[in-house]
Amino acid sequence: MADYTSTEMMTIAAARSLRNDDVCFVGIGAPSAASNLARLTHAPEITLIYESGTLATKPSVLPLSIGDGELCDTALTTVSVPEMFRYWLQGGRITVGFLGGAQIDKHANLNTTVVGPYDKPKVRLPGGGGAPEIATSCGEIFIIMAQSKRSFVDKLDFITSFGHGEGGDHRERLGLKTKGPTKLITDLCIFEPDPKTREMIVTSIHPGVTREQIAENTGWPVTFAAAVKETPAPNAQELKILRELNERTARAHGKAA
Amino acid sequence: MADYTSTEMMTIAAARSLRNDDVCFVGIGAPSAASNLARLTHAPEITLIYESGTLATKPSVLPLSIGDGELCDTALTTVSVPEMFRYWLQGGRITVGFLGGAQIDKHANLNTTVVGPYDKPKVRLPGGGGAPEIATSCGEIFIIMAQSKRSFVDKLDFITSFGHGEGGDHRERLGLKTKGPTKLITDLCIFEPDPKTREMIVTSIHPGVTREQIAENTGWPVTFAAAVKETPAPNAQELKILRELNERTARAHGKAA
Amino acid sequence: MPRIVSLAEAVKANVRDGDTVAMEGFTHLIPHAAGHEIIRQGRKDLTLIRMTPDLIYDQMIGMGCAKKLVFSWGGNPGVGSLHRLRDAVEKGWPKPLEIEEHSHAAMANAYEAGAAGLPCAVFRGYIGADLPKVNPKIKSITCPYTGEKLATVPAHRPDVTVIHALKADREGNVLIEGIVGVQKEAVLAAKRAIVTVEEIVDDLGPRSLNAVVLPAWTVTAVAEVPGGAYPSYAQGYYKRDNAFYKAWDPIARERETFLAWMKANVLDKGPEVFAAHAQRTRAAAE
Amino acid sequence: MPRIVSLAEAVKANVRDGDTVAMEGFTHLIPHAAGHEIIRQGRKDLTLIRMTPDLIYDQMIGMGCAKKLVFSWGGNPGVGSLHRLRDAVEKGWPKPLEIEEHSHAAMANAYEAGAAGLPCAVFRGYIGADLPKVNPKIKSITCPYTGEKLATVPAHRPDVTVIHALKADREGNVLIEGIVGVQKEAVLAAKRAIVTVEEIVDDLGPRSLNAVVLPAWTVTAVAEVPGGAYPSYAQGYYKRDNAFYKAWDPIARERETFLAWMKANVLDKGPEVFAAHAQRTRAAAE
């Protein structure tokens, strides 16, 4: 029995894929946990940017919202939101952008807009926010999502942000020079795009997870890489720092009134 | 014999045409003297903006350059130059813009670019700077220029900034909603546009100046308004404050090393 | 020069039924007190523009103020759905809500273009995304130099923009610091602007030479409403009440609990309650 | 992370013959010391971009560094002509100079577009003006919503931008205050960026939450050159030497006096002379 949760494994695997010299466009939730964990472990000089305008921020607790004061207080400086999207994101200054969503397909296109038809949605989701341009402007994209048949679907109801489209050279055909989704990190495994088809295929399986579990939780027929690695289990240091970060965060945000 | 110079008369006449609630885009030289004189006399709340980005500045001495530190030190705040041209000038936030030039024609088009052909200029002038967009974006334009046949010409070598074009409804035909040049203030008199032809016609003559002098110093056949006023002579207060301003300025900028 | 007035007067004079209204503040400085005042004054048929509708528009939509919403991300940050927004979109309660949906980049550029006096914003966006298929306002131009196709959206030009800021001086010059969001652009893009502030001071005081200041002549009305951003926050005054954002989820989930909360906390109250909220949050933060 | 190096090393490594170079600073913080270093290193065939060529480009043009000038106002502010610029344009001395002329609005928008990663800038400009007749780079697009014709210019994308700033910390983060001009945009629009600073400090220190800071990862090289903006100025360090701007007129009027001055004050000297200039100006100001 592992002494860590699958969510911790997912967050730690995501953190490990960040480099010390990355300039990272961070969303709230899992991406925020992963990138701050990276900063507090192997990537102390990583630059974290939140779309609220905070450049090179170093929060001691995770923000509940993208614009918590903590992000501004600990930033190198804070710019306006139009500047953030024009100079920093569209300007090509970001090496890695994090995304997640309600639905993903095998080419890592994401839906965070609607379940069902757009005009008569079964479920109205929050929408794209920064995602449509993050997906195309950042050097590469890491996606963090817990796996389930409901969220890993064969066909999206709506393409909120573009991944590898229909696969192959679809990005190139749209004139995109950025890599798009290079990693899809789940609670079960890590997917990476097949160099040719750009289908997301399993390249690393988390300890104790079976291929059957992955298949059962994926809405398309999963492809496994020729050589599938086992994801190294979280080490004590990673778990300690992640848990401390989460505890500080829980204390700071308090309980519902 | 008047106890003031024709330049003082020109500056004071220009200052008088500014209102307390104007937001004024100021150039260096005569416009700067006139608008600060207005601020120090009848228009204490006038908002002065220089294209270097200084909003609501209150210099105690006149700047030699458009970006002297004095302008920033005494401003409400200072914005970037792209913001100045996008939000403040193009955004339609300016009620009055001042312009001058090397050459002007009877429809108050201005040339500050070249004398002679553009590709083989006889004299290469500094160029337009902010003028082309000041001329079309400000609510109205005041022009300050000393008169001479060399500068008040029948035909411009180059239209650097658009005044009333060929006259009549030329501005409207170009889709302009701003008034363009409403006053041309010289060392001899004040011209204003004829409501119909938009030719600049003499509406007020400075004390002691004759119609002949004006005609001799104008490169086109001058038209005089039906009722031409005499410009009130500078009063003691206006002269005192203008001269003190000029003395402070001379002291501050020092002599050439 | 703006008139320094009460919030009630500012809203009465500047927000009209059928207006297009932008109430901005990117997580920081959300003008909640002004939102409550608009609800109390019963404004209706408003077109509401805001990047992140947040609780402020969830409340206004749930109380029937809106006929249309222009937005880019409609969730309760870090918590989940905006139930009143979903109820209006999915079930038409209390009335149907027309939506015009964009991305953050498009919204930010649309405000920037409005402030810049341009008819449209030009940016690199929506590549491969479905939103242009359902939002006819999204068009494109071709770069005359490279032939690249660039996305366009119409500039935002609200009838009135409402923001909350830190301070104003007695002339009505307004200071914003911290996460400044799109507020400056939203104010400069609008025909009229209402600014609520934490405090009105004699002088804005020592500040950066490049401080974010809205000059008095760009603002129509200024009202002093201490705590006016609560449960959002005001940098240096009080913290975001993250606990309330979580508490809002069960309150807004059912129509009855929502209506009861709005009656008790908005309809039967006035702007003065915000000062108390802010003090409580500040105390808790210390 | 930028390398913190000497000015000579920074120029040697980052400015190459034939490069497109932007050296910005709007009256304030003009990188004169860097201009002198480029002259000393004998760079040639440069395309020089700058809104106001000012003395810095008058000197570089007179010394034969430039093959082309992209600009919007070419005078000696408050004094008169730039004689070396005029001599090059009117008489081709020391070599013919190609010019690409814009308005300030076009130049500022072209830098902004470069920083924003766009291929072109879109603005309302040049209406009724002759410049579009002589500058083929000025084109237009039509607003897809209103049909309004808007002017376009290509975005500025310099090979290298050179600016002077107040401070950098040891990581290479750069602080600019006061009249910030177009420097941030010019740096973000460029492939490489050199920043000279008045001083390198351990920490940028207390500053506005919204201070104008260029993060280290946007800058290629930082060099400490006290007084490096002289005869321009550095807010809080020393004043503009308006007297020198006036003195430049007779120096630059004749080729001989110009060449003699450049030999004595540039070719035979190094960046260290700027510290003395600055001290003198500061003293005079006190």
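Structural remarks
Going by the order they are written in, the chains are A, B, C and D; count residues from 1 in each one.
By our rule, a contact is a pair of C-beta atoms (placed from the backbone, for glycine too) under 8 Å apart; a residue touches a chain by one contact, two chains touch by 3 or more.
All values derive from a computational prediction rather than experimental measurement.
Pairs B-D and B-C differ in how many C-beta pairs touch across them, and the larger number is found at B-D. Inter-chain centre distance (chain A to chain D, centres taken as mean C-alpha positions): 41 Å. Per-chain Cα centroids separate chain B from chain D by 28 Å.
In chain D, the residues that reach two or more other chains under the touch definition are 112, 116-118, 123-124, 148, 178, 180, 185, 207, 209-212, 235.
Residues of chain B in contact with two or more other chains: 72, 78-79, 86, 90, 137.
Taken pairwise by the contact criterion, the protein chains fit none of the simple patterns, being neither a path, a ring, a star nor fully connected. According to the touch criterion at the top of this document, the contacting chain pairs are A-C, A-D, B-C, B-D, C-D.
Residue ranges of chain A in contact with chain C, taken from their complex: 28-29, 51-54, 63-69, 71-72, 78-82, 84-86, 89-90, 109, 113, 118-119, 121, 123-124, 126-133, 135-137, 158-162, 165, 170-171, 174-176, 252-257.
Chain C makes touch with chain B in their complex at residues 1, 112, 115-118, 173, 185, 188, 207, 209-213, 215, 217-218. Interface residues of chain D facing chain C in the complex, by the touch rule stated above, are 116-120, 122-124, 139-146, 148, 150, 152, 154, 177-178, 180, 207-212, 235. Chain contact summary for the complex, chain D toward chain B: residues 26-28, 51-52, 71-75, 77-79, 81-82, 85-86, 89-90, 101, 103-105, 108-109, 111-112, 123-131, 134, 148, 178-182, 184-185, 212, 233, 235, 239-247, 284. Contact residues on chain B toward chain C in their complex (touch as defined above): 21, 23, 45, 47, 55-56, 72-73, 75-79, 86-87, 90-93, 137.
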